[in-house]
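Chain IDs A, B, C and D follow the sequence of writing; residue 1 opens each chain.
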Amino acid sequence: MSVQNIHDLSERLAAFARARDWEQFHSPKNLAMALAGETGELLEHFQWLSEAQSSSLDAEKKEAVALELADILIYLLRLGERLDVDILDAAYRKMALNESRYPADKVRGDARRAEEYD
Amino acid sequence: MSVQNIHDLSERLAAFARARDWEQFHSPKNLAMALAGETGELLEHFQWLSEAQSSSLDAEKKEAVALELADILIYLLRLGERLDVDILDAAYRKMALNESRYPADKVRGDARRAEEYD
Amino acid sequence: MSVQNIHDLSERLAAFARARDWEQFHSPKNLAMALAGETGELLEHFQWLSEAQSSSLDAEKKEAVALELADILIYLLRLGERLDVDILDAAYRKMALNESRYPADKVRGDARRAEEYD
Amino acid sequence: MSVQNIHDLSERLAAFARARDWEQFHSPKNLAMALAGETGELLEHFQWLSEAQSSSLDAEKKEAVALELADILIYLLRLGERLDVDILDAAYRKMALNESRYPADKVRGDARRAEEYD
């Protein structure tokens, strides 16, 4: 088995879809909806938990959540592949942007959104 | 600069949060909400487009979408870090599960959900 | 039975929650998550359908979707009650705002978002 | 002005869309995405707040949240109109279903989902 990395995974997911003739359903629009559907399932795991409870899941719940996170990653990678976007590279670029938008000295301990700073 | 991969990115994101004393806000519950908020922004890019239009974005729109996908990956990795879940490994496990749930011969060209099959 | 209207329904929903000692879980934060979870379920019904198919659901699917819409309305009304917001009144105000932001003569046949107009 | 109620509002929203030739964009699929996009905006207001903070919004934030709830109701009613579903009636039916699924004596103070009860 090849090394696990998101480029390898993305290729396997594309092959999985092609083998099932599912690429016809995998428009970016549809994949964005599927991603959001999985995100909704993630929320359902946490909606009635306190923040503290959400940090100390039991093993069964943790595995269920792990598989939801997996589903989100899967659709995210499918979207990147269909749009020809390198999401990992975009995330590094976005992180650099966040570094400049939220200087540590200015925002320490404050979670307000960027547009709320003057 | 180190090689780009999601484990490196995840560590950088954790360091970014620690430097801003933002880990207090990063409970799994809150991060799941933030992930869903970004997913909502993604949907807004596609909601009035046809499926065909969603497959042929112009360069400006494509970059805007890329940064939304980046935000989703960022929160997804933060969630994995806070929950001590290896999302990439979970995605490989989930893909193996999908291989057995959706045999290519049975589901070719059919997008119904697994529970709708007998 | 009293006349069906959203104020009556909202009161019944509050009584339902009180009788189960569930108001402790019904913070606005949690209810927003529950609302989003139900919205995710709604998306799952439509994600692989074409727009045309989404307009001609069979009776079984239509009823399933109707109950998802019901769940969304239920959490929406719970949120309004907990926040002391009259959502119906807010919707009339928002519609008046939309009338002025999107003059029919200017936007006819064009679905771009308001901020994209000059 | 006529009495405020959701049937009147729904008719006004349909007229608003027709006057702008926007019904071409208002497939149920697209409206479900728009509803989910607005739900994402709602989450963003609450994601970094504690549950207690979410219950005591200041006036400015409360009005911003009220307008998000309004947007959600607007798209919900559009969906009901396009699908020919009476959402208010469906909500009463769903509430009756919830009454039988969650007897007060059995679930008092317990927020687990129905399928987790035996």
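Structural remarks
Here is the rule we use: contacts are C-beta pairs under 8 Å (C-beta built on N, C-alpha and C of every residue); 3 or more make two chains touch, one makes a residue touch a chain.
Small disclaimer: the values here were computed from a predicted structure and weren't measured.
Matching CA atoms, the turn from subunit C to subunit D amounts to 180°, rounded to the nearest 5.
Counting C-beta pairs in contact across A-C and across A-D shows that the higher total falls to A-C.
Subunit C and subunit D have Cα centroids separated by 2 Å.
Between subunit A and subunit D the centroid-to-centroid distance comes to 25 Å (mean Cα coordinates, whole Å).
Residue positions 25, 29-30, 32-33, 36, 39-40, 43-44, 46, 48, 50-51, 111 of subunit C are each in touch with at least two other chains.
If you check the complex, the residues on subunit C that touch subunit A are 25, 30, 33-34, 36-41, 43-44, 46-48. Of all residues in subunit B, only 29, 32-33, 36, 44, 48, 50-51, 111-113 touch subunit C in the complex they form.
Against subunit C, the residues of subunit D that register as touching in their complex are 4-6, 9, 12-13, 16, 19-22, 24-25, 27-30, 32-33, 35-36, 39-40, 42-43, 45-46, 49-52, 54-55, 57, 62, 65-67, 69-74, 76-77, 79-80, 82-83, 85, 87-95, 97-99, 102, 104, 107-109, 111.
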